[in-house]
Amino acid sequence: MTQTFIEILRRALDEELARDPAVHLLGEDVAAGGAFGVTKGLAEKHGAQRVRNTPISEAAITGMATGAALCGLRPVLEIMFIDFATLSLDCLVNQSAKYRYMSGGQLAVPMVVRTQAGAAGGAAAQHSQSLEAWFAHVPGLVVVAPSSPAEAYGLLKSAIRLGDPVLFIEHKRLYVQKEEIDVNAPLPPIGKARVARAGDDVTVIAYSAMVRNALEAAEELARSGIAVEVIDLRTLAPLDMATIAASVSKTHRVVIAHEAVRSGGLGAEISARIGSELFDELDAPVTRVGCPFSPIPFAPELEQALLPGTPHIVRAVRELVG
Amino acid sequence: MKNRAAPTSSDLKQMYRALWRIRTFEGQVQRLAAAGEVLGFPHLSTGQEAVAVGVCAHLTREDTLFTSHRGHGHTLAKGADVQATFAEILGRDGGLCRGRGGSMHLVDAANGVLGATGVVGGNLPLAAGAAWAAQATGKTTVSVVFFGDGATGAGVFHETVNLAVLWKLPVLFVCENNGYAEFTSREEHSNVKHVSAFAAPYGMPAKTIDGNDLPAVYAAAGDAIASLRRGDGPYLLECMTYRMAGHFVGDAQQYRSKEELAAMKEKCPIERLKRHLLGLGVADAELDAIGEEARQEVLQAVERARAEARPDPATVLQYVYSAPSLAAISG
Amino acid sequence: MALVALELPKVGLVMENTRVVRWLKNVGDVVKQGEPLLELETEKSVVEIESTESGRLVEILLQADQEAHVGDRIAWLENDAVGTAAAPPVSGVAVAAPAPAVRPAAAAPPHAAPPPAANPARKQGRIKSSPVARRLAAEHAVDLGRVAATGPRGRVQLIDVRRAIEAQAAPAAAGPAAAGAQPLSSMRRALARSMTLSNATVPQFVVERAVDWTALHAVRAKLIAQLPAGAPRPSVNDFLLQGIARALLAYPALNATFSGDANLPDAHLVPASGAHIGLVVAVENGLLVPVFHGVEQLSLVELARRRGETVERALKGKLKREELEGATFSLSNLGARGPDRFTAVINPPESAILAVGRQRDCVVAINGGIHVRPMSELALTVDHRVADGRLAADFLASLVEILEGDAWR
């Protein structure tokens, strides 16, 4: 069946709510459907106790989700914009991520924080960021970013069932994307990337909305005889270096593409790991495509001038191949 | 000892023992910290024992307790093993958290001690969440969170209280108001003298009591917890008390006058409970014996803890993730 | 017309001290790029060095027996390329101003002169290359300095090394390769040259006898029984070596090598100072003939020890130069799976080689009776310029007597 990203997320939540009584949803406006409509109808279907609205209290609701997870619930918390996750940070970083470790394994925090990121035409500086690198830097947090509706369905379910605190980062521009999905396909595991397109000449590593750009770039480059292999990371932390290594050992050239600011972004970590673990496979330096070092502006001309996309990936690959 | 309106003499003697247990324990932490054997920043609850003991007397094993960086007393009062708790403070492998938490992060899940946090106020929403879990699963267990008056300066205190009231969560907020936040006296950081004043605007019942009067703590806590179990919603109990040691071990207490300190020693909860029990006709010698037994129990547990093995560095990466396969690729 | 200096390239991954064995071209010869110029002995084996340029060899700078190092100038070629090489610098090398005339080779100690700028990436000796290009180059013994770099800022890339490998694999000198042609290793080429030389210049004949091993086996068994634990056990080859040594001393006329051109009056025989015998050892893709010097002085146990240790080194390619020369006689025993009898080809400049057929139980007539004895066919190939049939036959008979006797050291 063909569903949009939003519909498929809703379906996944619906099925998990039905499957496991420990699953509870909470967040600002979630009972009413959530800011993007993902949770629409779920409160009516599963009851007001299972799908709960909260006031605008990111710190408290993140803490509550964590405390409930310590006591056997499986909360799925919605933080409307990743930009607001800054208010959740103390709990996520100092409590949720560390509880298992600090308690010497006595306690676990099986919770999912659903949020969304990315620029989408005029949302401006405080509603357009991609902050995944911050969370990928915290031991104990798992960070997942699906690249399409089909991916989101399986990854959300896997995240809910994992047993660790997961930051599940959706992308605004993907919300209306439609895709044929197979609900009976096996769930993709957390911690494993996928090869979205095979190729021999250059590896392009991407995640979230950039995977689509990478695939478009690959299509265009194929017409010039350049075979691009696209890797969709799926899990940003911890990183599946094995899949990356297999690809780089074949192509010897890498471009990493993400919407987040390039400086200090996840591409920097991946690049460093490739440089140190796969040095002898490299035929050229690792290249990163990312946003220049600036907040996202409001005016569309300015926003477009900043955001990385398909042409940037194409250009990066062409420069590598020479 | 569950929710009796008035404690029996036997209950009181048990609580007297519990006070001495905590007092001795904290004394040992202080001694070994001064000697360099306890590392980091241990925070002592010397002088505040009656709050821990009086409240925990009404809690079952399944009730959940959250505390702050000053949490040794609460942890012991909830039933944690003395040796395992001290071993954790010493960073031993046999400690509650296998040496990974230390003084400020004591967890004893089997006894419902779900954690202590070093970030002031961070434990408040966790306790509310635990209460939510109990409510969502139809249990009658409650959640108790201990915090100092300084935590009311954190936004998350207000967010949590608001939410707890809205959702009628069975969480007991116990504020140990010792008049100081870090090194600043209360007058300097809040216009609101009593923390219980914060409750009314949110629609939550609250009470301020003398936290060093164990029978008073016991009575107030009993009422509050009974109310929680009935499903009446959260409750705030403000216990006025006094910190007899500094903010943390090593703190030179420059900020208090000597007269202040002497006055408070007069108000020591152990002394006061002893006077109360003597008034009830319990023999001095019996009380001394109870105190001595508690002290010996702790001293021996401390010695055993000191002899325990240290953690194996090779295990340092255990417990980061649920699955070893995730830890293996975490770089 | 320009003069080009040829330098010793690196051969393989490690190349430390090497020695020139011999030049394959003479001054005045025309050399094509890729043609073998000289033989170089490395730590592992003898290798051929090919010319990197085409032209006429006008001066040889490193003689046979001289030590050589990577980068040493070994010769001057004169070719038609315009202005490719600078005049040779005077500094350090005792070679005078360039001239196309034949000159006596300089006796200057070899030293590494700065290499020519064959590659734009090679400024100041530092070659920019990607890690995977470096790795592939190392695996295929490709000199990065000679790879044409197409990467940014003169970087040698993977594709550049791949191209260089393909070019290397293409056969060097004359004619296109036939489909399926397999290039020879240096060792095989050296063997081919040596055997061709033997066939072409050494008149060889063969005499044959059978030998009965019975007595020798008994002696050997008794000897081994008396050996202390851990002592090396003499093999049949050790007995053969000692037997040959004794026979050579008894027939000194055969223990010499022919030297010079038979057409010229200075042709002469060079007698050996003792019994220096080569043992043919099969190694991967070829054979080596380590030489045992002064075998007449060695007991069987000492021979066994030396033989065992030397063969082990031969199999690892770790023989020293002096171990590969100086013999007058070689022994070739193809062992239990060998033929009943075979003829070996003389290994120049030696004078003889003994081929030992496999041991078989044979029916023999002894004193009118029929017996079964362990026997082998021996075939002795002899340089007819050194010995004639009578001498060869007497030598072989004497050897068989020794082998069937019991007088051993």
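In order of appearance the chains are A, B and C, and numbering begins at 1 in each one.
Here, a contact is a pair of C-beta atoms (placed from the backbone, for glycine too) under 8 Å apart; a residue touches a chain by one contact, two chains touch by 3 or more.
Computed from a predicted model, the values in this text were never measured in an experiment.
J.: Chain by chain, through touching neighbours only, how many steps does the shortest route from chain B to chain C take?
T.: 2
J.: Return the chain whose centre of C-alpha atoms lies at maximal distance from the corresponding centre of chain C.
T.: B
J.: Which chain is in the middle, if each chain's centre is the mean of its C-alpha atoms?
T.: Centre-most chain by C-alpha means: A.
J.: Approximately how many whole Å separate the CA-defined centres of chain B and chain C?
T.: Here chain B and chain C have centroids separated by 88 Å.
J.: I'd like to verify one number: the distance from the centre of chain A to the centre of chain C, where each centre is the average of its C-alpha atoms, in whole angstrom.
T.: Chain centres of chain A and chain C, defined by C-alpha means, are spaced 66 Å apart.
J.: What whole-Å value do you get for the distance between chain A and chain B if each is reduced to the mean of its CA atoms?
T.: About 39 Å, centre to centre.
J.: I need the residues of chain A touching at least two other chains; which ones are they?
T.: none
J.: Under the touch definition given earlier, write down the residues of chain C that touch chain A in their complex.
T.: It comes out as residues 130-135, 150-152, 157-158.
J.: Tell me, which parts of chain A touch chain B in their complex?
T.: Within the complex, chain A contacts chain B at residues 24, 49, 52, 54-55, 57, 59-73, 75, 90-91, 94-95, 99-108, 110, 139-140, 142, 162-164, 190-191, 237-242, 269, 273.
J.: Which positions of chain A touch chain C when the two form their complex?
T.: 252, 279-284, 322
J.: Where on chain B does chain A make contact in their complex?
T.: Residues 64, 66, 95-101, 105, 107-110, 114-115, 117-119, 122, 124-134, 136-137, 143, 155-156, 159-160, 162-163, 166-167, 318-323, 325-327, 329-331.
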